[in-house]
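Two complexes follow with chain A in common, the first pairing it with chain B and the second with chain C.
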Partner chain A sequence: MTTAPRTTAHGEAGGDGASRTPPAGGRAAKSGRASGGRPPRRRFGTEAVTGYLFVAPAVVLFAVMGLYTIGYGFLLSFASWNGFMPHWTWVGLDNYADLLWRSPIYAPRVRSAGLNTLWVMISVPLLTVLVSFPLAILLGQARRMQSILRSVFFLPYVTSGIAVFFAWQYILQPDGAVNLLLDQLGLGSLQQPQGWLGNPDTALPTMIVVTVWGHVPVAMLLYLTGLQTIDRSLLEAAELDGAGWWRTNLSVVWPLLRPITAIVVLLNLRDSLQGFQTFLVMTNGGPGDHTNVLGLEAYSLAFLKQLRPTLGLASALGWLLFAAALVLALINLRALRSKT
Partner chain B sequence: MRIPFARNVRLVALAATTALTLTTLSACGGSSDSGSDSDSLEMWTFKQSHVGALRAAAEEFKKETGITVTIEAYTPDDAYTTKVQSSAKTGNLPDVLEVHSDGEDFVLGAAGVAADLQDQIPDSWSGRFQEAIKGSGTVTAQKFKESQAKDSTFKGVEQGQRFSVPLSAGTFGIVYANKQKLADAGITKAPATWEEFLAALEATHHKDPKTGGVSLGLKVKSTGLTWVLQPMAYAQLGKEAYSDLWGKDKAGDFSSPNGTKVLSMYDEITPYWMPGSQTLTIDEADQAFAQGKSAFAVGGTFTLAFLQQNGMKADDVLAFGMPAPKDGAIPQRALGPIALTGLSLTATSEQPENAKKWMEFLSGTDVAANFAKESADLPATELGADSAKVLGPALTSMMESFQGTPETTYDPSLNDFRPPGYDQDRAGEILADLTPLGKDSPTGTGDKLSKLNSNYWATQ
Partner chain C sequence: MTSIPLAGRPDKRTRRILARTVVGLLLAGYALISVYPFLWMISAAFKDQLEVVSGGHLIPKNPTLDTLIDTWNKLHFFDFFLNSLLVTLYTVVLTLVVYAAAGYAFAVLRFPGRAFLSRMFVALLFVPGVTVMLPIVLLENEMGILGTHWGLVLPFVNGGAPLSILLMTGAFNAIPAELRDSARVDGAGEFRIFLNIYLPLAQPALITVALLTAIPTWNEYLLTRVSLNDQSTFTLPLGLQTLAAENVPHYNNLMAGALIVVIPVVLLFVCLQRYFVNGLVGAVKG
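Up next, the complex of A and B:
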């Protein structure tokens, strides 16, 4: 049931004829079913205005917060500005050229951050799928406390935030829980004396693990949803054919959930490409620049350059990331079409 | 099934929708009610440690003039900058801003956010400040030259313009030592040379390898460079050779023997960093020191206030300037005081005269003395003969590190020898690979720093 006037191509069954909304004013006039003594065209005009006014807040919000911001950001990518100066200095495509190859200051940093980002983009989706798929299978088959277990495994998603990343920092410190645990387990040689984020060799892998920890819940939920859509008869048929647990999951369930995997991979790729909050809070790109990623570099160019006129560079880098995300989305869409 | 709208229901819905739309639009607009009350002013600061002192001063100011001053703090610095940035766009700036002196004030001035105070600060006002910083906030010939560079952040300022008056003074490169840990390691006095400092570190670290090191917030990438390496290198090489480290000539830059020498000396600290220093912010590193996790901490004159906020007593610490190398070019190097923060009048203030009264009030000797006591920070105002009594032993000993001649004083505010657009964070990242990470040698680090500087010179 809806209380909103709906426009349908074929009219509607039920209800009183007097309240029916015609698909077009002319048709209503021809059908002669308009009621209330008002001319149909006038009534349609009033309803149209009503409709427009109802959608106005959303349109205005989108126009101001969406279109204006996007347009503003896009124009800014062709300018030099520090956020304070009264006027922008137009530089054409210089920002893009500087970031991609021309500037000896910015281009090497973008390349280095790009390499770190690439590692994150490869590792995070892969590990997320590797962890969340088996987890979803196991949870789907759990006989007891299934809802409690689901809630427990979903906790990282609902608690993710600045406070949790700070908590991770404490856990990973030289005298933090991870080193303490390793010591208790007699694995002292694996301890990191400078902390897991203080050693340049472990900092990026650690950040990848923390990112995966935050991404697994949603991926697991998607897989659980997918598992519920699988026809039980297919699984029973596999069992009757003698397939064991491993064989059933690998040869029947996994291929059937391939569209879910594609979505999980796409979401994780996008997050890995553009996300930087975890890195900003936990490492700020350090130690040195060993965990600098492209999203963080864009943020740094925008806000951490001591008011240098680098907002245009930040915007240009943002648009380059958008272009990369768009390409990834198109590739993924193509892959989805061909596999499903 | 459809339910028809009653006419009045539709009218109510229309009114609500219209109101929502207008609310949306008005939310996107700004308001400019700053200072609308003629008897009230607003001031923003980024220093949490100054808030109490400023509010206490505001109470005194109200008693004297009847004008209310509201103090608001926005921290950390980056959040403050963003707040000022967005408020400037929406017309919501306060009347007075606390700013980083001789940098941020010029940026705000160039953008028209800070008002030009040229010829508005009489001698009776500027004469209250310490001699070395009395002109802080003024665009000098050197600063005007810097403003002409391609990537200058304050392009457009004119020589002689003034965009702030100093509020607090001090310097970087102040070492704080935990007296108890020094005593436990058999050390009874502050190290006088770089070598003695390293020996003291060795002693405290030997006594307790976990908590006997030195903490510094190396997550903020330039701290190792600007607070340790630079004051030490200045003393080791002397003013000219030190400046040459950032010059175009490879014979004197970081890849030269001079560069390798100072980088090697800086690398000597490597065994003594508090574990994980590279992952800590400045505040976190200072907190670690206050909690007894390190024997030494490097900071600035402003660090004492933070240590006290974290439960450390001034009597528990020994504070001294970063010691100079024994055989360096300037063995008795001083650390030059600079204006650390200043007060800017916003161009949009509706009560500029009242705002200036407040700014001048803060520079009064008694008010500044109270400010120092309350905030444990050095005021820009000259406190005269009573300064030792007002400031206490820790701040007074820091002020002793200021005593030197122009040739023997390291001035952290001088940048004219560096390439325009130079970003010390990039240099700090390279330096981190030398120490504490140990991923590079002094020679390799010198080559990378030299290349970085060459790149900056090349872009001009």
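Up next, the complex of A and C:
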């Protein structure tokens, strides 16, 4: 046993049991030969059965909660239904057409929500990287307090949810803490008398800042672990060559951490495209749809339209989001591959 | 190298001290930004109605526990708290059982369709939550579990599949196969190997998965909001929502409620953060 190469020993520990499944034996023999001349496995059948038993709960759950619902949603996107009528009305691609250009009610809403989403998708990943990369570098240099600071920086992630969004709402009020702070800093002219979420011009940028605040922790942690994998001698060599602190970080560390940046950007793009909980809780799209995003639009089409037949539209919008996410993921994956 | 004039040293030292101070200040600055909303949350939770409306100061002038007690009693927060605890507990336990087994199969066992199945679970990561939420609600309505806690737990468990499977597979892969081989020689069956050898060795990963499941479940609001109707089944985020939905939101009560929601996860994180950090790192490398 101990002389067996690890690749074959791994997960193929067989050969000591009695053979009961001749058909499987053929395949086992083939794979046994392919992986380096081990005697043919004879317990393949039992191992496969055990394998299926072990994945069965996950697969069953996925079949019901995943596959079924995905298929159902896909079909529904070609139908018109309000959730109460006994039958769906098949409308073909009408829902998609209505959302994208045809309907005078929904198309403009989707367009403006799409524009807002685009702003979020551009600024959130950018700002998150701009904040979390330097933060990770600085934290990596802190000697004492590092783990305490890391925990503090992590609070926004741990508590991410309705409670914290209410707290933000509270401090962004007209007489809230943010306006107060600006006043105390002598920046009273920046105060927002309508509140930061009440003014249509500041609402979306404010929501972007809150979102970034919530996304920085994970990004920072990823950068921090990336930093730990960098070879110390590289940094020392750069220093010997006369590179200063800025130069080292910008020309050595930043390029080395590019794969991490790709992951951070992908995670943030996905969340910006699909996430809407912050928006639902803090502004519900307001004031006047200035913070309406596509995820929120799909959610309200699905759940907040009472008896109007918008469920098919909601599904169609969900699928458009899915398609966009997939395209983004593929582009990002390609970028990641070409750089590493 | 030795020719550096001695006079240069103090200069270098002050520069280093200066640099360290700047770094410290920047870090402290961002730490303040991180906790800023929480400071005001705590502040408001200890103010009474009059004081919170007058606003303008962080430290309450006459701090009172009445607001917290009042909020706790007013909306049956204890019931909500128990509901949250139950939903989170069920979700975590079920996640651990289901995906530890699946991870073991994907990492250790060989069976036809293994690669396909494991890829399928990872692909699930890209399906937007909002796309499946509506079908889930409709399906649960048919099944008669809409509005029950199981109606929340099952989709939550399924939603955590990609990350949990990724983490568990990675952890089981890291365990040397020789252990399994020698256990087989000693006559141990697959199930015993899994229970007695692999599970104990993968304990850090199990804790990570538990934590990564517990935190979002505790905070979940979107599906919960459209699933639960009966107040006796409400979880804490929904209880908080009902507080906010009052005509004039009383921010001292609302922040007290928010504090009640936040404290348990913060405690959990502080106790187990070591696993959390390592786990996220493992998830990304995997």
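The definition used in the following text is that the second predicted complex is superposed on the first by the 289 of 340 C-alpha atoms of A that agree within 3 Å, B and C clash if a C-alpha of one lies under 4 Å from a C-alpha of the other, contacts with A are read in each partner's own complex, and residues count from 1 in each chain.
Keep in mind that, in the parts below, a residue touches a chain if its C-beta (ideal position, glycine included) is under 8 Å from a C-beta of that chain, and two chains touch if they have at least 3 such contacts.
Bear in mind the structure is a predicted one, so any value in this text is a computation, not a measurement.
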{"item": "Contacts of A:Leu61 with chain B and chain C, given as first, second, both or neither", "value": "both"}
{"item": "Which of chain B and chain C A:Thr50 touches, first, second, both or neither", "value": "both"}
{"item": "First (chain B), second (chain C), both or neither touched by A:Leu149", "value": "second"}
{"item": "Touching partner for A:Val158 - first (chain B), second (chain C), both, neither", "value": "second"}
{"item": "Touched partner set for A:Gly114, first chain B, second chain C, both or neither", "value": "neither"}
{"item": "Superposed model, chain A: greater residue contact from chain B or chain C", "value": "C"}
{"item": "Chain B versus chain C as contact partner of A:Pro205, first or second or both or neither", "value": "neither"}
{"item": "Touching partner for A:Leu138 - first (chain B), second (chain C), both, neither", "value": "second"}
{"item": "Touched partner set for A:Met85, first chain B, second chain C, both or neither", "value": "first"}
{"item": "Contact residues common to both interfaces of chain A (with chain B and with chain C)", "value": "1-2, 6, 12, 14, 16, 50, 54, 57, 61, 64, 83, 175, 303"}
{"item": "Chain A-facing residues of chain B, complex", "value": "1-5, 10, 13-14, 17-18, 20-21, 24-25, 28, 78, 81-82, 85, 88, 103-104, 107-108, 110-113, 151, 153, 155-156, 210, 218-221, 275-279, 421, 423, 425-426, 429-430, 432-433, 436-437, 439, 455-456, 458-459"}
{"item": "Residues of chain A that touch chain B when the two form their complex", "value": "1-3, 5-6, 12, 14-16, 18-20, 50, 53-54, 56-57, 60-61, 64, 82-86, 103-105, 109, 169, 173-175, 193-195, 197-198, 200, 283-284, 286-289, 303-309"}
{"item": "Touch list for chain C against partner chain A, complex", "value": "19, 23-24, 26-27, 30-31, 33-38, 40-41, 44, 55-56, 58, 97-99, 101-102, 104-112, 114, 117, 120-121, 124, 126-139, 154-155, 157-158, 161, 165, 177-178, 180-182, 184-185, 190-191, 194, 215, 218-222, 226, 237, 240-241, 244, 251, 254-255, 257-259, 261-262, 265-266, 269-270, 273, 277, 280-281, 284"}
{"item": "Chain A - residues contacting chain C, complex", "value": "1-2, 4, 6, 9-14, 16, 31, 44, 46-48, 50-52, 54-55, 57-59, 61-62, 64-66, 68-70, 72-73, 76, 83, 131, 135, 138-139, 141-142, 145, 149-156, 158-164, 166-168, 170-171, 175-177, 180, 213, 217-218, 221-222, 225, 245, 263, 270, 273-274, 276-277, 280-281, 295, 298-299, 302-303, 311, 314-315, 318-319, 321-322, 325-326, 329"}
